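Chain naming follows the written order as A, B, C and D, and within any one chain the residues start at number 1.
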Amino acid sequence: MLSYTIFGESHGPAIGVTLTGVPPGLAVDEGFIAAEMARRAPGNSPLSTARREADVPRILSGVFEGRTTGAPLCAVIENTNTRSGDYADLRVCPRPSHGDYAGFVASKGCLDYRGGGHFSGRLTAPLVFAGAVAKLLLRERGVWVSACISMAGGVKDPSPEELEAVILAAKRDQDSVGGTITCVVNGLPPGLGAPDIDCNVEGIFARHLFAVPAVKGVAFGAGFALARMRGSEANDPFYMDGGTVRTRTNHAGGVNGGITNGMPVTFEVVIRPTPSIAKEQDSVNLATGEDCKLAIHGRHDPCILPRAVVVIEAAAALAACEVWGGGAAAAR
Amino acid sequence: MLSYTIFGESHGPAIGVTLTGVPPGLAVDEGFIAAEMARRAPGNSPLSTARREADVPRILSGVFEGRTTGAPLCAVIENTNTRSGDYADLRVCPRPSHGDYAGFVASKGCLDYRGGGHFSGRLTAPLVFAGAVAKLLLRERGVWVSACISMAGGVKDPSPEELEAVILAAKRDQDSVGGTITCVVNGLPPGLGAPDIDCNVEGIFARHLFAVPAVKGVAFGAGFALARMRGSEANDPFYMDGGTVRTRTNHAGGVNGGITNGMPVTFEVVIRPTPSIAKEQDSVNLATGEDCKLAIHGRHDPCILPRAVVVIEAAAALAACEVWGGGAAAAR
Amino acid sequence: MLSYTIFGESHGPAIGVTLTGVPPGLAVDEGFIAAEMARRAPGNSPLSTARREADVPRILSGVFEGRTTGAPLCAVIENTNTRSGDYADLRVCPRPSHGDYAGFVASKGCLDYRGGGHFSGRLTAPLVFAGAVAKLLLRERGVWVSACISMAGGVKDPSPEELEAVILAAKRDQDSVGGTITCVVNGLPPGLGAPDIDCNVEGIFARHLFAVPAVKGVAFGAGFALARMRGSEANDPFYMDGGTVRTRTNHAGGVNGGITNGMPVTFEVVIRPTPSIAKEQDSVNLATGEDCKLAIHGRHDPCILPRAVVVIEAAAALAACEVWGGGAAAAR
Amino acid sequence: MLSYTIFGESHGPAIGVTLTGVPPGLAVDEGFIAAEMARRAPGNSPLSTARREADVPRILSGVFEGRTTGAPLCAVIENTNTRSGDYADLRVCPRPSHGDYAGFVASKGCLDYRGGGHFSGRLTAPLVFAGAVAKLLLRERGVWVSACISMAGGVKDPSPEELEAVILAAKRDQDSVGGTITCVVNGLPPGLGAPDIDCNVEGIFARHLFAVPAVKGVAFGAGFALARMRGSEANDPFYMDGGTVRTRTNHAGGVNGGITNGMPVTFEVVIRPTPSIAKEQDSVNLATGEDCKLAIHGRHDPCILPRAVVVIEAAAALAACEVWGGGAAAAR
């Protein structure tokens, strides 16, 4: 079973990912991987952080003559553009709603606080690499993952102009905005998964998605709107489409009883507003035990939604691989 | 680490649960367990199914002289009140939005379709048992789990009268209604969890919660409302409360960066309307491959929210035990 | 992936096993299961304990109309023939080389000490049940598991008469004897497994085998004799046999680099002499903290080798299922 | 829980290891780590391969200001001294008893065959690094791991001179020799582990040990000699030593019923003779399907025992960390 471990800190020597359970024989399409990496790379627009890094993953293992071998695949991205001085205050003064304080306690005070350390959004770069490998695997099976921004700062299904306006307004106010991303996974056959805790399709997707920083909610199909529906409205009527069983609606998001039903798996995630904002905020000094004020300098996105789309797709692709399991098809 | 496996089918000989990783020395408070079981038992009100069963779990192992031994704990509930005749059509004609069709494919046609089989809501009885054991464990550590209905059929925070009205209206229409349940876990110390996929607190809770039938979405803290907020509004400012770090708001639901921050862990789940409704629905005949009409008889709840509250608490308690891990405290 | 959890105590209400990951569609051959259970049942000969129990497993779940459904399969064996009085001393006075003392510490004093509790050899009954299910699964794939006694009390490859003589001599002396069991797994295709820790074929077998009480060593192929060999002698030369790659010898026991090579997987386990002997032994009183003498009454086998053969086969069959994984073939 | 994933191939860009579950706050003693690496480094004596590499692990993550943070720790060793030309024949002609053929099948023909690829003994370098971290962790808890060569080429407990003679004789004959390594883990408290499959102390050690290349057997305490003993001889009598329960002998190797009993955990592993020998051997040509002759050139040890001692210690240290679990003590 494909699984991954992300390692690294924002201002350490390097970040990366170790993938295990990669089926052998998969052609590693480096052009595709680079294109996926570019989708989340910072520094591409006035809307995102000014930090620019090449973010070219170096594959250390598990690939031979352009194909996966089945052995663990480790890819590393060197950290080259770090300005640690920006973050010196964070050692004792945690940023509200960031992982600083919780991480300080969890690490018994040994936290690498520089630039968010292991909690940094930068760690989504190796996740996108892993997701790209997963997408290559799914592509061989006819599975496609596609996400888009479905809300930004309260604006539903924003056009590019609306999105830019929302983000620039937040930037102007030294603030940030959240939103939702909607994702569709097409091509998963019916019958994958189980109702039980470790095999439940919704649970598997949720586990992968909540590992993405800033995701605070996950809902399948009609999601929280189901709380306002009656059964007669929410139920998805079956019909035969040629020899295939399909449903006329997909309020269940392609999953019944924890198992795929052959319809697209659809879900929505909520992305909280970036906690790093330039406005002064209330915090505490962990060294003195007193309240304090915190102004974050550094370089931060006022809205991570544009860069998060490919990250959500990556998590969904990794989840879809886990749901499908085995991986035998990859090496045909 | 406490973990559980639920087994059984609605109309099989028995249902039950096997718990492993139960710390030794925990006093098994049978009165408390019985009270928890009673909270989800059917047949207690005009609002729920007429099926009545004693649902008294028989503990087969792992308990000696009233205390857990640390060995696997298996508890079994015999099935005594089954009327399989009610469900004969379901063998070939799956109920919309129930697990029948997906389960048929997953089982390669060997599904125990009677009364929903392993997908039946009845399987939440052993889950409540497991949750009761988890609550006893958490109680020793000063952790409390509490849930309530926060929406029913579109009515927010319904009073008992409103809830009854919503449910009886649905029943009258041979229909069902969904809603949301909000849950609070108090007493988890800061520093539990990690940002990584297998240790992320939100991911652990979500995995447990999506294993509950009918849960289609999970959101922490302010949840999907974060999509309409700015960072300055969503961020939870820190302050010192005596020697303790606290936050003035809890929009993050007690979790930052996948790690507990010492505030209550709060979340909301959406419960879809029961798919089993008496109204005639469109389905397909899996034997003939033709479209068909389906009218479900059997005995079903028009709304499972009242009985689901303790089930959500059970899943949350089991998740909290996994988050805390170890369990050493239990046997002091 | 097929996995199992054994539960129960020797003198509790019941013992049993919960199997998860059983592929759907497997015909449950109850005659075969009963025959396997009979192979380890006590009371069949003057060589084994006088305790007699029917040991008929009752399948509670996961089987419908004679076939597995893929849902968790729980089977329970009631305990009917218990004489707890025999074991009263063991509460405070642990038997040398039995699990009593280690279990007492692990359970923080809450051990079910009666008859060995969860450590009793009786717990191998549900293991044999689980192994029988695994064998049925393997049979569909053309895999066969077969074990035999290769040493008893120092006698190599004993004939039935020699075996009886060895055991009766030990019984006469109020003592017990150990030995080795050799096992062959035929039919596993080449290419299963990986060199890595969690997928290594030898590691998987060893993990299953060391979970059998009394197993203290596991060695593959030529085993410890390799310590006296040179490479030129130990290496298994390859040759083509029709279109199949085979080796002329099998000193590696069918595994190279943690992966099956298509030759039979062979291994030997050492079974320690039963620790429960009638001779007086030195022990300690855990209540008083003083040395004491212990004479064990109860009913015990002077040699468990004859009954352990099917238990080792069961563990090997479960390991082979894990090695093969997936299980898709079962339901063809 | 401390766990590790080793990645890399003998002639790829780099090899390394990703450790997860490392407790925070552990001082990373680089001098100790370097000393451990030196114990297995090649090229230090006329007895081992002529390949010389610095083998200095570069820590990429999980360490900040000299202490572990609790985040995943990745360490990488660059491959600098590779002569792939030596191994060209191995692409189609597998070495007897090496992982070449099994790996070829497992990888569906996409094996990195150069120098043994992922199966190379070189992969034990990152294992020693991981073991050194584990030892630092155990040291804080008062646990010590120590191994030695207990047999080489049939010579029991060889003196340095005898060991050298055995190895040089094999080298002269273009052959190799196997042996056994005995290991002691001192300081594990009683009560760790459980009889069950995933928590059994012997099973955990065996799983770690069989992941070491060339290990073909693992036996605890008196090991296979138990097959010749009676219970009265094999049983370890208890006695009180001050307030501590101890046993007069340790034939059980510190484990009863899968749980530590407070005595040293002792075991022996058999190390097969290196399969890479210079003598001509029979093999098959996987491209043509015909038998062939194979002469291995390359650089190989006639006996890996001297370098394997620290590798076995590493695996044992990692197993001991898993047995102890939690890791809370590390950061006091």
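Keep this in mind: a residue touches a chain if its C-beta (ideal position, glycine included) is under 8 Å from a C-beta of that chain, and two chains touch if they have at least 3 such contacts.
None of the values given here were measured: they were computed from a predicted structure.
Asker: Touching both chain A and chain D: give me those chains, sorted by label.
Answerer: B, C
Asker: Which of B-C, C-D or A-D has the same interface as A-B, meaning more than half of the contact pairs match by residue number?
Answerer: C-D
Asker: If you take the mean of the Cα atoms for each chain, which one ends up farthest from chain C?
Answerer: Taking each chain's C-alpha mean as its centre, the farthest from chain C is A.
Asker: Just curious, how far off is chain C from chain B if you go by their C-alpha centres, in Å?
Answerer: Roughly 37 Å, centre to centre.
Asker: So the centre of each chain is just the mean of its C-alpha atoms; given that, what is the distance between chain A and chain C in Å?
Answerer: 45
Asker: From the C-alpha centre of chain C to that of chain D, how far is it in Å?
Answerer: Chain C and chain D have C-alpha centres separated by 26 Å.
Asker: Any chance you could list the residues of chain D touching two or more other chains?
Answerer: 5-6, 20, 70-72, 106, 118, 194-196
Asker: Note which residues of chain C are touching chain B in the complex, please.
Answerer: Going through chain C, the ones touching chain B are 5-9, 12-16, 18, 20, 24-25, 58-62, 64-65, 67-74, 76, 106-112, 117-118, 331.
Asker: Quick check: in the complex, which residue numbers of chain D touch chain C?
Answerer: That would be residues 4-6, 94, 96-103, 105-106, 118-119, 123, 151-154, 170, 173, 175-180, 190-198, 200, 202-204, 206-208, 210-211, 213, 215-224, 226-240, 243, 245, 247-248, 251-253, 255-262, 270-277, 279, 281-284, 286, 289-291 of chain D.
Asker: Okay, in this complex, where on chain B does chain D touch?
Answerer: Contact set of chain B toward chain D: 20, 70-72, 194-196, 325-326, 328.
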